[in-house]
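Listed next: structures, encoded as structure tokens.
In what comes next, subunit A is part of two complexes: it sits with subunit B in the first one and with subunit C in the second one.
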Partner chain A sequence: MSLLQALLNGIALAAVYSLLAMGFVIIYKSMQVLSFAQPALMLFGGWWVVYFATTVSLNFYLAVLIAVVIAAATGLVIERVFLRPMVGKPVFAVAIMTIGLDLSIRVFAGNFYDVSPRSTGDPWGLNTFVFFGRLVINHRRVAAIVVAVAVLLGLLAFFRYSRMGLAMRAAAFDQEVALIQGVSVAAVFAISWALASVLATLASLFINPDLGSLAPTNYVLALKALPVVVIGGLDSIGGALVAALLVGIAEALTGTYQSHLTPYVGQNFSQVVPYLVMFVVLLVRPYGLFGTREVERV
Partner chain B sequence: MLALKNVEVVYHDVILVLRGISLQVPDGAIVALLGANGAGKTTTLRAISGILDVQNGKMTKGEVTLDGQRIDHLSASKIVKLGVSQALEGRRVLAELTVEENLRLGAHTNRRRLGENMDRVYGLFPDLKQRPKFIAGYLSGGQQQMLAIGRALMSAPRYLLLDEPSLGLAPMLVQEIRDIIVEINRQGTGVLLVEQNAGMALTVSSHGYILETGKMVMDKASAELLKDEDVREFYLGLHSGGDQIRSFAEVKQYRRKKRWLS
Partner chain C sequence: MRLRPGLVTDYRSDAGIFKSVTQRVWFVLLIVVAVYLGGGGSLGPVKFSPDIMILLVYALFASIGALGLNIITGMGGQISLGHAFFLGLGAYTAAILGGVEQTRAGAGGVTEVVIRGYGLDMLIWLPAAGIVAALAGLIVAPVATRLRGLYLAFVTVGLVFLGEHIFREAKTLTGGAGNGRPTAEHRMLGFRFDEGGEVFGLYLSKAQKLFFLALILLLVMGLAAKNLFRSRVGRALAAIRDRDIAAEMMGIPLARYKLIAFVISSFYAGIAGALFWAVVGRLTAEGFNFLLSIKYVAMILIGGVATVSGSIMGAFFITFLPKVVEWLASLPGLADYITKDPSGMINTFQLEQILFGLFIVGFLILEPMGLYGIWIRVRNYWKGWPFSY
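For the complex of A and B:
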């Protein structure tokens, strides 16, 4: 495989990571809590896509739409039931709680589904585009990039132009000021969780870019969004994007070349690369590439 | 009429900050609330705006009423919707956002009349009108204070609570802020002005309250307060006669004039 091919795959990977990472950042910005429930939310949303697209055999896009609505509602419920009572409690306790949520969602939801991989029923299959005769990219990867870019632009517009988006930015910057101007900070929290849940659901469609399937073990892949946000700096959406690209490309390059260059570390070494990049970045900049200095070190 | 009756506020369940204070802001009036640091002025405003819980404070007694209706159990957002808006102490502009975005945030509860209110605020503060896309953090202190007041006005409040608008400003700018308060009031908004700068506050207001360690110790027409010996000495820094330095304890002999409990 050529270098260009690896870069292309890296960008597609970055698209998935950025979808997940934006969810982390949105929650972190509004609540100052690092949510570890993101991977579970991804599986949860993805399972609904699987259910509606293959079990009920609806149109795939309709299935995604329904799953997105369910995911948003789930985000709202989780925030209201589990996180709202924790407002004002130490963020460490809340973060640990999200780990519990992650486990619970995975176990409960997992019981309704197989542990074996299930097809998401997407229409992309194994179709590929071929450029210049050698550069191959499958439709699913292209879809991942298109969706990530569209979602990103949508989010930017939302935060810049909408009333609630502005309120969320204000609340992230100074909660008391937002309150005094009449913003319901509770609504800001709720919307953050709904958004994060929806973003995770969209990411689930592309988490296995070659197969288009979903299995409970895929949460490990989603967890790689965690080094991405830490590298980018927890409170920066732009940072998350840059870090997603960095990690995605590093991982793809390692996947392409590592088995020839350093065969002694074994196969699939690329899976570890996001964490290695994170270690290096944290050594130099403990607050991430674009994070605010005061932000808690993780 | 915006009124507080016997309000008692406790922080962290143990620190008693307001010990039963009462005050009234009549429709369309400017009322000054004076006091030293730590007297409880900001806490009074927090109690009105319903944001005590952010600092782990609680109103344990008394009531806040707006035209006779209790508002002390409402959320901050409802209180803003009812027409009570506050500009917090220390400007607190959203430094990373533009001037216009700060103002749009102020209109969060009153989106329908965004344009109208924006025009009004820009009319009051021509400086802001010239630079809507400017990042608020780079504005000068005076401009930031104007932005903070403007933001509070974006909800078109009936009552505007100002927490030390003259804080850290040059005398010229204090004059300017003073004129703006008069103009805002002339346009029909009642103002509760919390100040350390007693000279400024008392010349602009019709009525003044003096708060000391959580109690109202004086409550008079501003013109009378300006003439009061003790107020002149401790809040205006003017000595009436002689150069003998009197200790603070000697003069602290106010009695509460008003009693609400029958």
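For the complex of A and C:
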């Protein structure tokens, strides 16, 4: 039974990771840049949910909607002000720059929070579903899975059927050719940052699935989406989803069993499991499980 | 020729450590000034306050760490965000070998070891710190050399988190988080760097002694790095950085040179970590987080990538940033907004972080060569003065 419970928790965790990881992948596909700013955007977007849902005490879903709009706008601004001047610079420089951004945004967002974690004011509270008498899953975890699946299906449909989605796929395939065909690559960049920011905001609702709270230190949890993306392969959406499941379940299993099976590796070992999985995967496949192998012409 | 320091006429001087007589003169002058200032009240009229003095010591030790990062990232072009891990390894190795043991009375009159420590001499813990870090680099390198670009950056991020976990959980060795453990002592063959005392008839404070120790070590390590830059390894690494495929075509074994760069870089980090935290006096596991790695990346970015002088400038810049922020906070107009405690609009720690971030962003957008690049431009302006070209 504890195995099933761990699997269930792992899937809920995977839902959160997949939301964050999608943001990374979308930005990577459009700009070939990996944004370290995702955790900061999560804190920033999450704060607006906290603000509108608890301080202003609006309806929670309305608060999320407003927060999503603000997050999207923030993504647009960040892209325009900081990322656009970096087009054509080495990926290394841009990646480091997003770390700088991450630091700045995190301080900025962290300044809103108090020392103690803030409740996001969601309606799920501590309610739980109980299956078979012993299998417990709280409503927030269920919500996480539902939201993640809905958002991911929506995104896939967006990429598949909408004009902008097609433009994004074209730009990801070859920027210059897309530009010649009349795709506004600038708009693609902007949209991808806005999307990433929105996804991070949604993830913030579930980052602490037991309590539904947010604190500045939660960025460490969001950073675990990084190994997820790397395991899946930086440019693979499907890979990110598989990796999210893999990492989420691995983490939940270690969380359940490690403390009495291998107590010598210390407490909270499950927190570093994603990184360990990443090492192992990269040792075998340097471009992740589903990443495209880079082919370079001299 | 003497009047045109930019002109190089033979291969020897182009490959030399110092490209011209002028540079040699400036270098010696800089050391003389450093010794003079370090001597403080004992040698001359200018005397720094003790806290500035100790910051100088920190900056010098941080310079060694920045040099290490510059070897792998600046020279080899391999983005390493795992520097904190190697710094931590060095610091903890030194603390275990050079620190004091902490015991407590256990059950039945048996003394239990709470935190291990062997109280050895600096001649042992300093090289050991470097070697242990270098060995760790050797172990990680096979994974790292298979990867390129961003993938490598992430693996090294993972390294920091794994390291932090180990430092937190291996409590008998590291003291864990929170209170931490005492560090190694700066003590070499009975000579104590961590206490004030007479040296050759001159009274030197603790900070001054450490300053001279740091200056000498930085000189040695800096010249070694400079030599590495112009050696076969350095040229190979530069080729790998500029275009790894082209380098491979020219017959440079990528894996071997990346491995060499990793090991040397980790060695520098280990030494720097050991020395730096021995001055701090307390080791806690939280110190070796991702932020520390970013700090070092900021140092080489702000200072100047792939230059020795840039590493040093960057280390000084980052080390003195908190002091500058503190000074900003004390200005009458700003004191209301910047506070030391979290009550104000923004506290000094936060401002420091934001400045970090903004400096990284700003330098990357505006001056990718860092302070070194600014220095070059200023120098060229005055060299050509009054003509603009």
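Keep this in mind: the second predicted complex is superposed on the first by the 293 of 298 C-alpha atoms of A that agree within 3 Å, B and C clash if a C-alpha of one lies under 4 Å from a C-alpha of the other, contacts with A are read in each partner's own complex, and residues count from 1 in each chain.
The rule is simple: a contact is a pair of C-beta atoms (placed from the backbone, for glycine too) under 8 Å apart; a residue touches a chain by one contact, two chains touch by 3 or more.
Note that the structure is predicted; figures quoted are calculated from it, not measured.
**Student:** Quick one: is A:S184 in contact with subunit B, with subunit C, with both, or with neither? Answer first, second, both or neither.
**Tutor:** First partner only, subunit B.
**Student:** Would you sort A:L221 into first (subunit B), second (subunit C), both or neither based on which partner it touches?
**Tutor:** Touch partners of A:L221: none, neither subunit B nor subunit C.
**Student:** Which partner does A:P85 contact after superposing on A: first (subunit B), second (subunit C), both, neither?
**Tutor:** second
**Student:** Figure out whether A:D102 sits in contact with subunit B (first) or subunit C (second), or with both, or with neither.
**Tutor:** In the superposition, A:D102 touches subunit C alone.
**Student:** Determine, under the contact definition given at the top, whether A:L283 touches first (subunit B), second (subunit C), both, or neither.
**Tutor:** A:L283: touches subunit C, not subunit B.
**Student:** Look at the residues of subunit A and decide whether subunit B or subunit C touches more of them.
**Tutor:** Of subunit B and subunit C, C contacts more residues of subunit A.
**Student:** Give one of first, second, both or neither to describe whether A:D174 is in contact with subunit B, with subunit C, with both, or with none.
**Tutor:** first
**Student:** Does subunit B (first) or subunit C (second) touch A:L245, or do both, or does neither?
**Tutor:** neither
**Student:** Quick check: in the complex, which residue numbers of subunit B touch subunit A?
**Tutor:** Against subunit A, the touching part of subunit B is residues 49, 51, 54, 56, 75-77, 80-81, 85-86, 88, 92, 94-97, 101, 104-106, 108-109, 111, 151-152, 154-155.
**Student:** Which residues of subunit A touch subunit B once you look at their complex with the stated criterion?
**Tutor:** The touching residues are 88, 163, 166-167, 169-170, 173-184.
**Student:** Enumerate the contact residues on subunit A facing subunit C in the complex.
**Tutor:** Touching subunit C from subunit A are residues 34, 82, 85-86, 89, 91-97, 99-108, 110-111, 115, 223, 226-227, 229-230, 234, 265-269, 271-272, 275-276, 278-279, 282-283, 286-288, 294, 296, 298.
**Student:** What part of subunit C is in contact with subunit A in the complex they form?
**Tutor:** Going by the criterion above, the answer is residues 77, 79, 81, 143, 146-151, 153-155, 157-159, 161-162, 165-166, 168-170, 245-246, 249, 290-291, 294, 297-298, 301, 342, 346, 350, 353-354, 356-361, 364-365, 368.
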